[in-house]
Structure formats: structure tokens, C-alpha cells
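You will see two complexes here that share chain A, one where it goes with chain B and one where it goes with chain C.
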Partner chain A sequence: MPKLTIDGKELEVEDGLNLIEAASRIGVDIPHFCYHPALSVVAQCRQCLVEVEGVPKVMPACNTYVREGLIVKTDSERAVEARKATVEFTLINHPLDCPICDKGGECPLQKTTVSHGPGYSRFEGPEEKKVRQKYYLSDKIIYDPNRCIMCTRCVRFTEEVTQTGELGYEGRGFRKKIVVFPGKNLDNELSGNVTDLCPVGALLNKDTLHEERVWYWKFTDTVCSLCSNGCNITVGVDPRKGKVARVRPRTNVDVNDYWICDRGRYEWTDIQDADKRLKDPIIRKGEGYEITDWEEAVSFSATRLLEESRKPLQSIAFITSAALTNEELYLFKKLGQTLGSSNIASSIGLINDKKTFGLLSSDPYPNSTGVKDLGYPYGSNMVFEVIESIMEGKVKSLYTAGIDIFDFVKKEDKPRLSEALSNLSLFVAQDVMLTETLRLAHVILPGASAYEKDGTFTNDRGRVQRVRKAITPPGTAKADWEILLQIGKEINETLFSYKDPGDVMNAIANEHPAYGDISYDNIGMLGVQRSGPA
Partner chain B sequence: MPENMKLTRELKEKIDSIVAKSETKQSALIPVLREIQNAEGYLTNESMEEAAKILGLTPANVQSVATFYTMFFRKEPGKHVVWLCRTLSCALKGAEQAEHHMCEKLGVHTGGTTSDGKITLMEAECLASCGTAPVMLVDDDLVENLTKEKIDRIIEELRKD
Partner chain C sequence: MPELRIIRSYAGVQDSHKIESYIQRGGYQALPKALGMDPDDIIDLIKRAGLRGRGGAGFPTGVKWGFIQRDSKKPIYLCCNADESEPGSFKDREIIEQDPHQMLEGIIIGCYTINSHKSYIYIRGEMPYGAGVLERALEEAYENGYLGKNILNSGFDLDVVVFRGAGAYICGEETGLLESIEGKNGEPRPKPPFPAQSGLFGCPTIVNNVETLAFVPHIINRGAEWFSEIGTPKNTGTKIYGLCGQINNPGLYELPLGIPLRELIDEYGGGVPGGRKVKAVSPGGSSAPLLTADELDLKMDFDTLSEVGSMLGTAGVTVIDDSTCMVRVAQNLAHFYRDESCGQCVQCREGTWWLEKMLTMIEEGRGRMEYIDTLLDACSQMRGTTICALADGCAMPVESIVKKFRHEFEEHIKLGKCPFEREHMGEWS
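Right after this comes the complex of A and B.
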């Protein structure tokens, strides 16, 4: 462990660190554009210059590594002058675009210009900047060559991280541009990450182009719910709009490194499609449906569920899916058990290690491991068995949460299932969007998406991670745990006396040894490994 | 040159022998591109993709190299090619004015070819004749201390040819 001095402070760090990383340990921020911890070091932007005692020239901090006794000055006049010269040089061909640039407010070049920039141009008279057309690199990403500072991060990303090599250069010198080969696209499953990597506004997302300003956003750290990998994300929300503007990766080297896939980044938007969402509880009255309030919906569901459970030859089934949080799965199962159901099942994805780029899993559920851990009868067969019993008319009443059971029957069986569902004496259904299943329910309870509630998911490697509420669900829709808790309370106040999801997690920890040490206090930002095999 | 032409057998053999002699496949790229350009006159997208396939590189990689070096053509060049130096010494001695003058005279942008197919105007990095800047290369000949008059004369000659 070499000891070195940076700006007069002594520190001891592990071998192999460069000076940017070492300085960040003591809170010293060395500006840099081309360096990124996940990419090869090319030392070509020259923005990270620092003074190293005994070395005649200023040195790039990204390509200078810690050594015993090294004395580094990041704030000496020579170092600062060198970095100032670099910004001035970079800005010669960079447009004064900040007011109309989506990167504005979080742009490393903008930030460095504020700290190191000249604030004026030394060119006399009207300045000639390069002016070239923007173009798309894919249907999601637009490139502005005028803003590009040729740090090459994006190209190194496609060469080194995805190894798909879509990006290259065209031309040389100030004419150089980032391009895709004619007729090709930047279309790998991780492509969106280049928009985060770009240290200027040269690579931008088309979906929110000129629509968002980052300084309005409030960020919520949560977990992606679109596959079993459970990438750590941060969700940017403009509170004035109450909508998610952007999903971005949050670094977690044990789960997703610095990246998320394009599904996690772009393909969650239908939950914000107001037309598709269920906004209020709906109850069947005679032949028609009526919008109702939660009081009626909850008391109707609870009373009718109790009645059904007390019938002599009762047969209540409970079906959910691995889209629900651990806390919700726990409450759902407990509700079923309280009502004496012997048909409690959850759909589950195939937990395997086949992943695209080490991230994107073929299991589309965020919580298949949770389903298993919480003692749902294992194997997706169970859902098929229960559905079969429904179609055979053996099940008299049904509660579904977060699942469209029509997805689980063959096309030719759908009419049979429809008929069976219409014949149920009670059908309670909870979900975020109207599905084929929900249309046949007696009461529809509008739930919340993973961006709208608190809880935990257990990813495919057994890591328990927190989902946090970033936005409120539409209308009067509620988090699924809240709905289950309210119905539970009506049925048995003492059995369902939990305050919140954290409280439910404590109950899970009590009953399931693998979760014994886990509580909301120690899950933290990056999640914890539950014990037992992944 | 037909756009969809695949490399001929003869060309493929030449390429194979270059690859065999090269330490890495990457280092074979420039000689391979030269060989293709010699045979086909310029580099098409198809031939660059083909080269990429042979050398195990990505097409974007080949494109980066092919567009970096000013001796490679991406479009069919004219009968004569003029490379104007755009590097520092020449820039200080008025290369930009020379370029504007050429463009105006020829009616093309840099990189373009006159409609009669006679002259292509390219730019080059330092031609190692900074002492006699500004300079340009006309096919294989260096022309030094450029002036408008000199440029006009040369264009006249090339047009006549």
C-alpha cells in the first residue's frame, strides 16, 4: 500500500490506482473527460493535468499511477494553468450551446469551464466554429458532431465493453466525427450507456430531446424491475410533471457495474401511459362496472373473501407472480393461508445464468428468487395446475395479483378459462393495467408499478435490494402491499398489524432464516446478499 | 466500378499473402486497403466490409482507418488528384485562401470531383515542405509557394489533359 501526498494531504491507497482515483479518495476532484474507470486509459483529452514533484512536465493524472512517496499537486499554479489551457483549447471548437443542450446542468465540460474556463474568447471578431449536421446513430440516440470533444469514450465502450464495435471515426483532425458504418446502427442492448458516458451533449437520447432540464429532477435510487438481474438504477423525476424522465444506471460492481440495458433505460414507459393504467377501484354491479372508492373495494373484497372461506366446501385460489416485491408476496401468501386456501401459487421465471452482456436475463421477472425463498410451491407448474383446477370448475373463488392468467393457457383453452372465470362466485383481481383476466373480475384493485412503491426484490444471485417509490401511482391507485395489508387488516387485525414494508421485512426475517439478518436498516443503497445458495 | 462487386480471386490471393506476412491482422489493414484501392480504384462500403471480415475487424474500424488517411478514396476519384496541405505552416502562409480559391475555380467542395471527372480536390496533412509553404501535391508532384496565379495555371494544365 503506497503512501503518497496529494495537495499536502498524506494518504495510503492500494497499488494500481491512478491519480484521479487516488485524489477522489480525499475528496479532490481532478477534471477529466477521456478517463472512465471501466474503459482503457488513453490519456488524450489532457484535462486531468497535475504537477508531480520531480517530474519536469505536468502529467495526466489518469495515466499516472500511485507510487510510494509521490508528491502530487493538483492545485498548484502550474497545474491549474495547464488545465485552463486545455479547456480553452477544447472550447475553441465547442459551440456556446449550453442553454439549448440537454446535457446542460450535468455536463462535465460545462462544469470544468466554470472552474477553469477563460469566460471569454481570445479570438477577435466573429468566431468561426465548425458547423455540421446532427445525425442519428440509432433510433434512440442522436449525435451532434459540433459538441463532440473526441474523448473516444463512446467508441471504446463499443470496442471494449460490448465488443460489438458499431462506432468508429470518420476523417481526422477537426473534421473527425463519430459514425456508424453506412447502413448499420448503434443497436446493441447496452447502447444507451453511451449517452451517460459522453462528457458533453454530443450523444443524447431522442426520447426526451429538448423536453427535460436536469436541474428540475429529483433522483430516487432504486432497482430495475424488468428482469432478474436487478440492475441498480436512479430515476430522475421532474416533480412538476410527476413523471419519470430518465432511468440511469447506478454503479454497483456486484450487480451491473456502471451499466443498464436499453430495456431498463427505455422500455418501461407504458406504465406512464395514462390510457393504459387503472386509476381507481372498480366493482361489478349487475351487468356493468362502477368506479368506487377504496373503502368499498376493500370491505367488499374482505367480506366476500371471508364469506367464501367459510363455505363448507370452500375452494379459494391465490395466484400471483414474481413481479411483486418480497413484502407483497409475503402478505399475499399470508392472506391465502389465513383464509385456508390450499391453492396458493406464483408464476416464476427460469432462473439461469444466460445473460446478454452479463446483464439482461431471459427471466423477465425481478423477483423469481423471492418467490422461491418465501416458500411458494416451487416450479411454474403450480400456476398451470391451479389454472387447470379453475377450468375444471374445482375452484370457486379466486384472488389474482400482478398476473394475467390468460398468458398461461393455450389459445384454444381461452374460452374455457373465460367461462370458468365468469362462473366463479368471487373473483378479486389486482394489477396495474387492464388485462383479459381483470375484465372478468368482480372487483378490480389498481396497484402500483415498481417505480411507484417501496419494497425489496431478491435478484437471481440472491441479492436483496430495495425498490423505492419515485413517483405516485395514477389516480387513487395504491402500492400492492398497501392493498393487501388493508384487506388483511379487515380480515384479521392482529395478523396484519404491519405498519409498512420495512415492518413486513422484519416478519420475513423472523420466519425465513436466509433473510435472518436482513432489515431495511442494513440493505443500504447496494443491497445485501441473503444467506443460502443463489 | 460496380457497387456490389465482391473481391476477385486474384485480389483475395494478394490479400492473403499480405496477411501471412503481417505480424497482426490489424497491421495488415493499410496494405490490404491499398491493394483493394489499386484494384478497384477506390474503397466501397462492400470492399471495406469484406476487408473487415478477412481481418477480423469491425467495419467501423476499417472505416476509421480508411477515412483517416488522405490517400484512400471513398468515391471514384478524378483523373487527377490535388492534395492541398492543411497543416500549420501552410495554414499560416494562406492555405485557407488557396483552398477557397481552388474550390471556387473548380466548382467543388474539398473532397469533391469536377463534373467532367478531371480533378479531385483533397486535403493532406503536412507534406514535409513547410519551408516553401503553402504547398500542394498534384498527383505525384509537389508544387511549392502557391499563389493564385500558380494555382490557375496548374488547373488549366490539368483541365487540358
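Right after this comes the complex of A and C.
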């Protein structure tokens, strides 16, 4: 543990740290562009220059490592002047078009210019700047060579993180630019991360190009729900449109490092398509459907569920999926148990399967582990069994949440399932979009996507993480936990007296020892590991 | 006064590049001697001789060789830097083309000393003739048992390969050179680590200049004392000076380190043509800060020039007479470095571009007085702030020209045009 001095403050840090990391320990921010903790050190941008006692030249902090007795000055005149000059050089050929640049407002170059730059440019004649054509690096990412500061983060990402090597540079000196290697496409499953890594507006997402200034967006820290890895993300919402505008990785070295996959980044648009979403509860009346309000939908469902459960040869089935939060799964199961169902099942994905780049799992559900943990009879078999009994006519009433059971039968069996569902005496279905299953339900309850509700998912390594509501669901649609809670209350006020998902988590903690220590107070931003094997 | 020819013994000799010629002139006598020596003694000998690197920086060769951990488990490499691309420098090229075995003998002894069994000669891409000469020389050396397995029955094995560059000045910088051999873009590496710890393919590596290595056999043959008595106490031996520019007798001259610049220009170079006067001299390749006519009495050695803020560099001397526009000289230099910057460091990539831009604007009569101080400021921030010394190599001469010939810049700006005749100066792209 070497002791060193930075700006007059003594500190003791572990070996192997560079001066950027060491300085950050005492709150000293050394500006940097090319350095990134997950990438090799190239010391190219020269923005991190500091003075080291006994060394005649200013040194790049990213490539200078802590040593016993090192005396570092980030605030000496020479260091400050050197960094100021670096900013000036960097801006010589920079278009300075912040007003029309999507990165504006969250741009490290912009911030560094304000905090460390000279505040003026001695470069005359913008007409003298070199100007080059923008071009696409992929169908999702556009590159502006004029804004590029040649930090090579993007190149190193494809070389070192994905090891797919699509990006390189062409030309030398001021002619240098980032290119996709001939014969390659920037199409690896993590490609979008280069847009976050880029410290300027040189790599931008086509989908949000010129959509909105970033400072108008509202940001919510949550977790991706598109596979079992549970990457930590920040969701940017454009408040004018009330829509998610962008999904970005949130650093969590225990889950996703600094990255998310392109699915998590780009493939949530469906859920936002208002035309595809269920907006209000619907009740089947005779041959037709009628839009209704929640009061009617809830009381109808509760009353009918109770009636069905009291029938002498009752057989109510409850089927859900690992798309629901732990709290929802808990409530759903409890509802089934309260109504005396012996057919409660949930589909899950293949847990701990091989992952692409250590992230993207083939299990498309965010909460397969939660299903197991909460004591669902799990395994795809179980869902098949229940569906089989539905088709055999053994099940008289059914409640589904977040699952299209038609996905679980072979094509030739679909008519059989249709018929069986049509013959049910009660079918309550809860989901976000209209599915084949929902079309046959007596009551359709519009739920919410993971961007629209609070709760927790347990990822494939047993880490319990919070999803947070970033936007409101469309129409009068509700979070699934809320729907379940309301129906539960109608059925048994005392058994379902929870206030909110946090309250439900306390109940989970009480009943499931693996969750014994967990509460919304200690899950925090990065989640906690539940006990027991992953 | 004749030259003092140690390396240039080939001058005027027919077929000097052939192995017979080299042997006839006493070649390959140092090798058996060296192979019988303890590597530590060779390093000590080279240190005592005071041999300093001829690639530009003048770093003591013996000390450099001493950095190598000879019992490293990884292979050790010696790379001969034959990339000579510095404007105004053309000494290595002659050694390569006229006497390849001389440098080769130096390479073999160097490899033996540092326990290297593989050596690369990195030759500038624009020297195809030299590359051919080297290839043939390697064949001859293998045939005669100076290369390959069990060299001269000493048990020492060595393979040498010629690697041709692809046209980048920056590949002469030692770590750019290593990247290039590794098949990557020729981009210098941040240091540390230094090549002696982690060089070619991450292995301990020595990079030496052609001329440096060519001296080695002579020192083995004739001893450290003999060598150290030539030149000045800390700048020992001879140096091949190149003379070019506005001079009557351009060419290469091998003379002791420390000869006065004036003697070099007047006695060997025959002075400037047309009865004009010397205005400025670039004493050591394009990267060296320029000297004025008042500084011609300086001694041409590493330390003297560095004391006055210039450098001996490659000792490629470019003489500039009083018909030449110094703004144009600076512009020409900046243009070269702008095109040759590898583009990693912003001070270099944008700085060279900016200098060239400002100098062009001044030269074309579009400059403003503030540019002069901005030029100086930019130069000072380009020095010592980058990965390699190319940025310094641009900033130093430009800065020296602006400081020493400031009046010419002011005149351009006041007149709104270049006051010099330009007919003999071609355009460039």
C-alpha cells in the first residue's frame, strides 16, 4: 500500500492504481478522454497531464502509477497550463457545434472545456477548419470525423472487450478517422456501447438523433428486463413524449461492468408502441368486448374468481412467467393459494446458460431465479402440464399474467387450446399487449412493462435488483402488482394488506430465508446478493 | 584537411558492398574476437569508448545494452533502425548501400552481447535499392558462416531479417518501429515501459541506429582508448556529417565530433553558392532548432549544441542562405511534420496542423501580429507533452525560427505578403 501525496493531501492506496484513479479517491478530478478503466491505457489524448515532483516533463496521469513517496500536483501552474493547452489543441479542428450536437449537455469534452479550458480560442477563421463527411458505422451508429478527438476508445472496445475488431482507423495525423474494416460490419451484440464510450458527439445513436436535448430528459436508474443477466441501466425519458428515449448502461462490476447489449439498448421500442399496448381493462359481454374501468374489472374478476373457487369440483389454474417481478410473483402465487388452486405454474428460461460476451443470456426472462426462489413448481414441464390439463378440459377457470400460453403448444395443438380456453367458465388474463391468449379471456387486465413499475428481479446469479418506474403505463393500465393487490384485497382484505412493493418484499423476506436480510432499504442502486447458491 | 574515415572506408572503393571488399578492408575481424569475450566486457568496452547513439538522441550505447536482462526467459531482440527519414539526413543510406557488412558485423556483435538470436533491420520503404543490397549481404553472411547456427564455431546462433517500412517517418521512432514490425500501425508507444523491458512482441529489445552499430566492430578491433581519444571527452569518435541545402559541395563527411560548424560549411562544404551569405543552419536534421549566422563557431557535438538549445540530432546539416524566406522554411517544416504525425496525441496532430495553418497564413500575407506569440505558445505546449518526440521535432525548429527571425514574420504581416522572391521554390501538395 504505497503512500503518496496529491495536491498536498497524503493518501494510501493499493498498488497498481494510476494517478487518475488515485486522485479520484480524494475527490480530485483529473480530466481524461482516452483512459477508461475497462480498456488498455494508451495515453493518447494528453488531457490528464499532471506534474510529478522530480520529473522534468508533465506526465499523463493515466499512464503514471502510484509509488511510495510520489508527490503529484494536479493544480500547479504548469499542470493547469498544460491541460488548458490540451483543450485548446483539441478544439482547433473541433466544429464547436454543441448547439446542434446530441452529446451537448453530457459531453465530457464540453465539461472539460468549461472546467479546464482556456475559455477562448486563438484559432481564427472557422472556414479554415478541416471539414469531412459524416458516415454511418452501422445501421444504428453515425460517425462524425470532425467531432472525433481520436481517443480510440471505440477501437479499443472492439479490440479488447468484444474482441470482434470491427473498428480501426484510417489515415495518419490530422487525416485520421475511424472506419469499419472492409468486409466487416459493426454488428456485434454490444456495438452500441461505443456511443457511451465516445467522449464527444462523434458516435451517436441514429434512433435518437436530434430527438431532444439531453437536459430535458429525466433519468431513472433501473434494471434491464430483456434477459436473465439483469444489466443495470439508466433510462432516459423524454418528458414531452412521456416515452423512454434511451437506455444506457449503469456501471455495476458485479453484473454488467460498464456495458449493456444492443437488445437492452435498442429493443424496447415495441413496448412503447401505443398502438400495440392495452390501455384499459376490457370485459367480455356476450359476443362482444367492452372497455371498462378498474372498479368493475377488479370486482368482476374477484367475484367470479371467488365463485369459481367455491364450486365443488373447482379447478382453477394460475399461470405466469418469469417476466414478473418477485413481488408480483409472490402476490400471484398467494392469490392462487388463497383460492385453493393446486395448479400454479410459471415458465422460466434456461438459467446459467452460456452468455454472449458474458452478458446476454439465452434466457429471455429477467426473473427465472425469482420464480424458483419463490417456490413455484418450476421448469417448463410444469407449465406444459397445466396447459395439457386445460386442453383436456380438466381446468375450469384460469388466471394468466404475463404469458401467452399459445407460445407453449405445438402449432397443431393450437385449435385444441383455443377451444379449451373458449370453454372455460372463467378466464382472467393480465398482460401488456394483446396476445392470442388474451383474445379468449373474459377479463383483460392491462399491465405494465418493466420500465413502468417498481419491484425487484433476481438475476441468474442470485442478485436481487430493483426496477424502478421511469414512465407511466399507457391509458389506465396499471403495474401488475397493483392489479394483483387490488383483486387480492377484494378477496381477502387482511391477507392482501400490503401498501406497496416494498411491503411485499418484507413479506418475501419473512417467508423465504434466502431473502431474509433483504429490504428496499438495503438493495440500493446496485442490488444485493440473496443467500444460497446462484 | 582530409576526412577521418573510420566508417567511410568504403568511399571510392569498387564493389564496396560485397563481402570480399569488406573483408579486404579488415572486416569480420572483430566478430571472432567479440565472440570470445564476456558480454559484460563488451558492454564495458563500449561504455569506456564513450560511443553515443547516432540515431539522434546521443544516448550512450553501452548503457543501453546494459539495460537488457540477458537471462530473460523471453526472446531478446535487436532492431537496427535503418528508417532514416529525417529531412536533411542521408548518412545511414550510404552505409547500407555501400558497406552493409560493416553494420551487419555490428549487429552480430550487438546481438551476441545482449544474448539476442533474432535481429530485424527495419529499412525505410523508400530505399528499395538498399533493401536489395542488404538481402544480398545477408546471403553472403550466411554463406560465410557469420550468420545462422553456431557462428564461427562459437555456439552462438543468430538470424537477421530485413523488414521494409511502408513510408512513414514516424516508424523511425523506436517504438513506432516496433509496432510496425508487429504488423500494426506505426504509432509510438507510451513509455514506460521502455523497449529494453518490453519491446518487440513484448520482449526485451534494443533499437540502435545504423551508424551506431557500424562503429561497434571498430571499437572491438582498436579498443576503447583509441575511440575515446577522437572527438571531445564526452563526444567521442567520428560522426558522419551530412551537408545539404544551399551549399557548394553537398555530401557526407566523416569527421571527429566537435568540429566547428563554420569549418564544416566553409572548408568541407565550400561555402554557400553565388557569393550569398549563410542566414541559418539546421545542424542536425529537420528536428533540430536552427542556428543563425552568428552561431557558426559552435562545435558540432551533442553537448555543445544542446547547451545552446539546439541539438546534433542526425548531424544532417542544412544550410540556408540569405535569399531564403524563413517563414517559408518554418512553413515547410510544419507541413512535413503535419503530414507525418501519427495522430495519437492532440498536441501533435492538431498542433502541427495549427502551426502549418498559421505559418501559411503569414506566408500568404493573411497573418496577424498576434499569431507570432500564439505560434510560440503553441510550440512551447507541444514540447514535452506528447508520447514521442515528433511533436518536439516540429515545435523546436519552428520556435527557433520564430524567435530568431521574428523580424521576418513581422515584415510579412506588415506588408501583407512575402518579401522574398519565390520563383525557385516549388509548390507542394
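We adopt the following convention: the second predicted complex is superposed on the first by the 526 of 534 C-alpha atoms of A that agree within 3 Å, B and C clash if a C-alpha of one lies under 4 Å from a C-alpha of the other, contacts with A are read in each partner's own complex, and residues count from 1 in each chain.
In the analysis below, a residue touches a chain if its C-beta (ideal position, glycine included) is under 8 Å from a C-beta of that chain, and two chains touch if they have at least 3 such contacts.
Note that the coordinates shown come from a computational prediction; the quantities given were computed from them, not determined experimentally.
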Based on the shared chain A superposition, would you classify chain B and chain C as clashing or fitting together? clash
A:167 contacts which: chain B (first), chain C (second), both, neither? first
State whether A:215 touches chain B only (first), chain C only (second), both chains, or neither. neither
Report the partner of chain A that touches more of its residues: chain B or chain C. C
For A:181, is the partner it touches chain B (first), chain C (second), both, or none of the two (neither)? first
Just to be sure I read the superposition right, which of the two partners does A:120 touch: chain B = first, chain C = second, or both, or neither? neither
Just chain B (first), just chain C (second), both, or neither: which does A:90 touch? second
When you line up both complexes on chain A, which piece of chain C, out of 21-29, 93-101, 327-335 or 381-389, runs into chain B? 327-335
Taking the contacts chain A makes with chain B in one complex and with chain C in the other, which residues are shared? 169, 171-173
Touch list for chain C against partner chain A, complex: 168, 170, 185, 190, 338-354, 357, 368, 370, 374, 377-378, 381, 384-387
Touching chain B in the complex: which residues of chain A? 158-159, 164-173, 179-184
Name, in rising order, each residue of chain A that touches chain C in their complex. 41-47, 49, 56-58, 60, 63, 81-82, 85-86, 88-90, 92-93, 122-124, 128, 130, 149-150, 152, 169, 171-176
Partner chain A, residues of chain B touching it in the complex: 45, 48-49, 57-64, 67-68, 86, 125
